[in-house]
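To start, the structure under review is shown below, and the notes come after it.
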Amino acid sequence: MLSRRLLRDAAFIVVPVIAVMAILPSVYSNHLLLFNFVVFLTLAQGVNILYGFTGYLPFGYVGFFGAGAYGFSIAVLHLKAPPLAALIAAGAAAGALGLLLAPLLRLSGAYFSIANLAASLAVLQIISNPNLEDITRGPYGISLSGVFNPTLAYAMALAILAATLLFVAYLRSSNFGLALQAIRENLFSASMAGIDVVRARMIAWLACALVAGFTGGVFAWYVSVFFPETVFGAEFSIFAIVFALFGGTSTLLGPIVGVVILYGVYNLIGVSAPQYFQLIYGFLIMALVLFLPNGLTSLLQRRGIDVP
Amino acid sequence: MPPEQTAAPNTRLEVIGIEAAYGSLQVLWRVDLQVGKGETIVLLGANGAGKTTFLKALLGLVRVTGGTIRFDGENLTRLRTDQRVRRGLAFMSEIAVFQALSIEENIRIGAQTLDAKRARARAEELYAIFPVLREKRRAAASSLSGGQRKMLGIAKALAADPQLLIMDEPSAGLSPLFVREVVKTLSDLRGHGLSLLIAEQNVSFLDIADRIFVLEGGRIGFAGLVSELRQNDALARAYFGLK
Amino acid sequence: MLIYTLFAGILFGLYFSLVGLGLNLVFGVMRIVNLAHGDFLMLGAYLAFWLYTLSEVNPVAVIPLAFVLFVLIGLPLYYILVPRLLAAKDPEMLSIILFFGLSQVIEAVAGIVFGRSERSIPGGELGRALAGFVNLFPGANMESGPVEILGQTFPAAWVVAGIASLLAVLCVYLYLYRTRLGALTRAVMADREEALSTGIDTHRVSAIAFAIGIALAAIGGVFAPFMLGSITPAMGVEATVTSFAVIVIGSLGNPLGTVLGGIIYGVSYMLMQSYLSSWANLLPYLLLIAILLVRPSGLLGRQVRLA
Amino acid sequence: MSPEKAPLLTVNNLVKRFGGFRALDGLTLSIAPGEVLGLVGPNGSGKTTCINVISGLYPADGGEVLFEGKDISGTKSHHLVHLGINRTFQVPKPFLALTTRENIEVAIAYGNHPQGLTDAQPLLDSLNLTKIADRRAAELNSAQQKMLDLARALATGPRLLLVDELAAGLNPGELEWVGGKLKELARTNMAIIVVEHLMGFIEQVTDRVIVLNAGKEIFEGKLTEAVRVPQVIEVFLGGAHAA
C-alpha cells in the first residue's frame, strides 16, 4: 500500500515536473531562468526534507550550496577533474560540512536555526579570506570557463531534481519518513517506538546537505564565473525556505507550488525592481506566519484532502 | 440534595454551565458551581478530572466554549484575567510563586493592583500572619522550603486583598506535616468575608469545607455538604477509585 | 599594545552590550527572537545620519529622540505582531521567520528611502560632544579630539559610545529592579503563566519591554557609524548575528548577563583585530557556535539543548 | 515476589538527583515475568522518575538496573525497546500529526517485535481504536490518546511494560476494561509495573505494591496490608482521615 503511494506520486508529480522542465528549454529562450527554476525546485525540496520531516529549519542552508559550488570548482581547478567527477566532490564537500555541523542538531528549534545561519556565514568568511587565495581564490571569485557546458549542466540539474523529488516521495510513503515525523512530533515517544533518533535525524540532515551540495556544484558548473557572495548569498536560503513554507512543507507538491508561484512572481517584478520585491516579499513572509503558518496546501488539507 | 441553584443574595461566585475544550478535546461539560460570601468550597476530583481546567476557566486562563461566570452579580465571562483579578478574584496556582524573585517582590507583585501605600500596609498585615516570610523577605523564593513556599503563595494571592481566593492543589508536593499547616492557615483565614475555592485531592481539606463539589470526568458528580458526602460513594469513586 | 587592546575591548564591549541588550530583553520577556533587531539598529543609525546631515544635530542629542520615537513605533508593532504569534504552536520558531520578514521589509524600505550607498558621520562629532560636556564643569578645559587614558590614545567616539552604553545599561537595570513596572516585567520573565495567573496584564508589560528593546537597538544605532563602520540598509543582518552572539555568550533571557557577554565579545574582537586581523570577521560566528555547543545555556545559565 | 521465577528486572540501590534534590534515593525492587507490580506514593515520591530511569529517559546517578541479569544502565531508549522494555507516558505523547494507524505502524516498523508483528489491525482492534484508526492523533480525546500510547508500547512486543498513570482521566467503565487488559497481558508472561494514584485500580490489577516516599521504599507487599501500616497511612492521607 505504501509503495503504491510512491508509484502514484512518482507518476503524477515527479515525471510530469521533470518532463516539463526538460521540454521547456526547447520552447523558451531564457535558459538561465529555467535553470534557476530547477535550482530552487531542488533547494526548496531540500529544505522540505529537513524542516518538513524533522522540524529543524536550516537558516544557513546556503552554506551547503556554497560548499558544493566550491567543492566542484576546487576539484576542477586543482585536481583537473572532469565536471561529472567534480560533482561528486561537490556532494562530498557538502556532506563533510554536514558531518562537521552535525552537533548543531543537539540544539532546539530557534537555536539550531541561528547557529546554522552563523555557520554558513563562517564558511563564507573562511572561503573568501584573502589568506586562502591559493586554494579558493579568496574574494576574487572563480572562473571555470574550461568546463563550460550549460546543456549538460542543465541535464545534470534535472537529474538531481528528479532524485530529490523521488527521495521526498519516498519519505512520504515509507516507514523512514514516518519515523522522521515521529521524531519531529515527540523525541521521547519516538525513541520508545524503537527509533534510533540520533541516526535517523543524521540521515535526514546529510540528505538535506547533499541535495544542496550537488545543486551548488551544478550551479557553479552552469554559471562558471562567480564570487563567494554569489554562491553564499543569503537569498538562496531565504528563497528556498519561503518557497517551501509558502507551498506547505511535509508534502511533495507544496514546495513545487511555492516555487512556481513565488519565483514566477519574482521574475515578473523582482528583476526590474528588486527593492520593491524585497518589500513585498517581507510582507508576504509576515502574512504567511500570522495567517497561514502551514502553507497553501494546508488550505486543502483542512478540507480533508490528502495532498501528495 | 443539590444546593440552591439560583443566586442567593450572599452568592459571591456563580458558575452556570461552563464548558471548555482543548482543540477538539472537550474537558468540561456544563459545570455549575456557587461560592457564597465567606464560604469555603472544596472541589474534589482525581487527576485528569478537569479541576485545574475549571479553575483556569474561572480566571480566564482557559477560554470557555459555553456558559457564564458571574462574580458579585457581574458577568466576567468575556473579561481578561487581569481584569478579573481587579474585580477581586485571586488565584494560587500549583506553582504558586515566582521562584527567581524575592519574597518581598512576590508579595509586591501580588499587590500590583493596589496603590503603593496600601500595598505596603497590606504587606505588613501579611507579614504579621506569616512571620517567617518577614524574616526572609529579601531572600529568593526558591530558597524557601516547600511548605514556606505555599505560605508565600497564599500571601502573594492575598496581597491584593481579594474577595475570593481560588487555589489549585495547595497540598501538592507537601509532606503531611506541611499539609496540616496549610489547612490550619486556611482555617484561620476563613470568615472575614473571604471566600475560598480549593481544588484538592487530599481529604484533609474536608475539615474546613462548608460544601463539597466533586468533579468526575469533567462533570459535577456530587454537590453538597460534607456529611452528605460521607454517605455518598462519589468521594470514594472519584478519589480512591474504591467501590 | 596589549593594554590598549584590552581597554579598547572594554569600550567596545560596553557598546556591544548595548547592541545586544534590547534583543535579550525581548527574548527574556517574550521568548521570541527579534531577527529584525539589527534593522532597528540600522534605522537608528540613519536617524542620526540624517539629523546630522540636514541640520548638524550632534549624535548625542539624537539619543533621547531615538528612544521616544522607537518606543512609539514599538508599542503598536507589538500589538500587531506578537499576541498572535504567542498564541501559535511554536512561537519561538515562528518568531524567527516572522521577524525575518519584518527585517526584509525594513531593509527594503530603508533601501528605497535612503539609497543603497554607504554613509558615515565624521568621528569628531562625538569628541565635540564630550568636550562640550566636560567643559560644562567650571575649570575644565578639554579640547575636542582623541582621549588619553592610561597613557594610550583612544578616539573620543569610542569613549563616548562606551560611557553612553554603560548609562543605558544602568537605566535598564534601574527600570527592572527599582520600578514597579520593572518588577512586573521580571515576573513575566520568570514565569509568564504564573504572571498571567497573578493577574498581571502580560501584554502591556511585554509591549513596553518590546518597545524598550527596539529603542535600545536604535540608540545602539546612533553610535553605529563610529563603532561598526559606515552604514548601509543591509547592515542589519550582521548586527543581529553579532547581538545574538553577545547575548548567547552572556545568557539568553538575562538582560544583565548581556554586559558580561558584551565585554567578552568586545575584548576578543579587539584581540583578533590586533593580532589576527584578517580573521576577525569570523569571530562572532565561531564564538556563537562554540558557546551554543559547549555551554548552551550561556555563561550564566538557561537550557536550550534537546538531546 | 514470587520465589518460583527468576526476576526479569532487578533495580539495585537506584539513585537519581535533580540538582540537590534526590528524586530516587537508593530504591531497590524486582519483578518477575507475569507479575503486576504497583508503585504508589504521594506526588514527588519518585514513581515516575523510577520509570523514566528504567526506560532510559534519564541516566541514573547511582545503583544498577539489571534486565535478565544484564546491566542496562546507560543503554539508549531505542535499544531498551529492542531488548523488550517499553512504557506509556503520564501525559500521552502520541505523534500528533500522524494518524492513529501510522502511530502504531511506525512502532511496528522500528520496534523489532519478537513475534514479527507486521499489521497494526490486531492492536487497533484489541484497544478499541479501529473506529478512529485514520484520524490524526491530535483529534483524539485523552482516553483515546492513552489507549494509543499503550498500543504504541505493545506494538514493540515488550516483556516488561511500564505503565505511568494510565487510569487518570478514564471513567470507571474504561478503567475496569483497561485493568482487565493489563491482567490479560500479564497472563502472557509480561511483567508490568503500574504507577498509579487510584487505589481501586491498583487493587484491581496488581499482585504486589511498593509504597514510595521521598525516593525510598517504605512498604512492600499486598495493598490490603499496606493500608494497615501507620507509616503508609501517614504518607498518604496525612493521618487525619486514615479511616
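So that you can tell them apart, the chains are marked A, B, C and D in the order they are listed, and the count of residues begins at 1 in each.
Quick note on the criterion: contacts are C-beta pairs under 8 Å (C-beta built on N, C-alpha and C of every residue); 3 or more make two chains touch, one makes a residue touch a chain.
This one's a predicted model, so the numbers in the text were calculated from it and none came from an experiment.
Asks: Can you tell me which chain pair comes out on top for contact count?
Replies: Summing C-beta contacts for every pairing gives the maximum at A-C.
Asks: Let me check something: if the centre of a chain is the mean of its CA atoms, which chain is farthest from subunit C?
Replies: Farthest by centroid: D.
Asks: If you average the Cα atoms of subunit B and of subunit C to get two centres, how far apart are those centres in Å?
Replies: Taking the mean C-alpha position of each chain, the two centres sit 43 Å apart.
Asks: If you average the CA atoms of subunit C and of subunit D, how far apart do the two points sit, in angstrom?
Replies: Whole-Å distance between the two chain centres: 50.
Asks: Between subunit A and subunit C, tell me the centre distance in angstrom, where each centre is the average of that chain's C-alpha atoms.
Replies: Roughly 33 Å separates the two chain centres.
Asks: Identify all positions of subunit D at which a residue touches two or more other chains, and write them in rising order.
Replies: none
Asks: Tell me, which pairs of chains are in touch?
Replies: A-C, A-D, B-C, B-D
Asks: Spell out the part of subunit B that touches subunit D in their complex, as residue ranges.
Replies: Contact set of subunit B toward subunit D: 23-26, 46-49, 171-173, 175-176, 179-180, 201-204, 206-207, 216-217, 237, 240-243.
Asks: Please give the residue numbers of subunit C that touch subunit B in the complex, ascending.
Replies: Checking each residue of subunit C against subunit B gives 180, 183-184, 186-187, 189-191, 193-202.
Asks: Mind listing the subunit A positions that touch subunit C in their complex?
Replies: Residues of subunit A touching subunit C: 57, 59, 103-104, 106-111, 113-115, 117-119, 121-122, 125-126, 129-131, 187, 197-198, 234, 238, 241, 245, 275-276, 278-279, 281-286, 288-290, 293.
Asks: Spell out the part of subunit A that touches subunit D in their complex, as residue ranges.
Replies: Its residues touching subunit D are 175, 178-179, 181-182, 184-186, 188-197, 250.
Asks: Please give the residue numbers of subunit D that touch subunit B in the complex, ascending.
Replies: Residue positions touching the partner: 42-44, 138-142, 165, 167-169, 171-172, 175, 197-201, 203, 234-235, 237-241.
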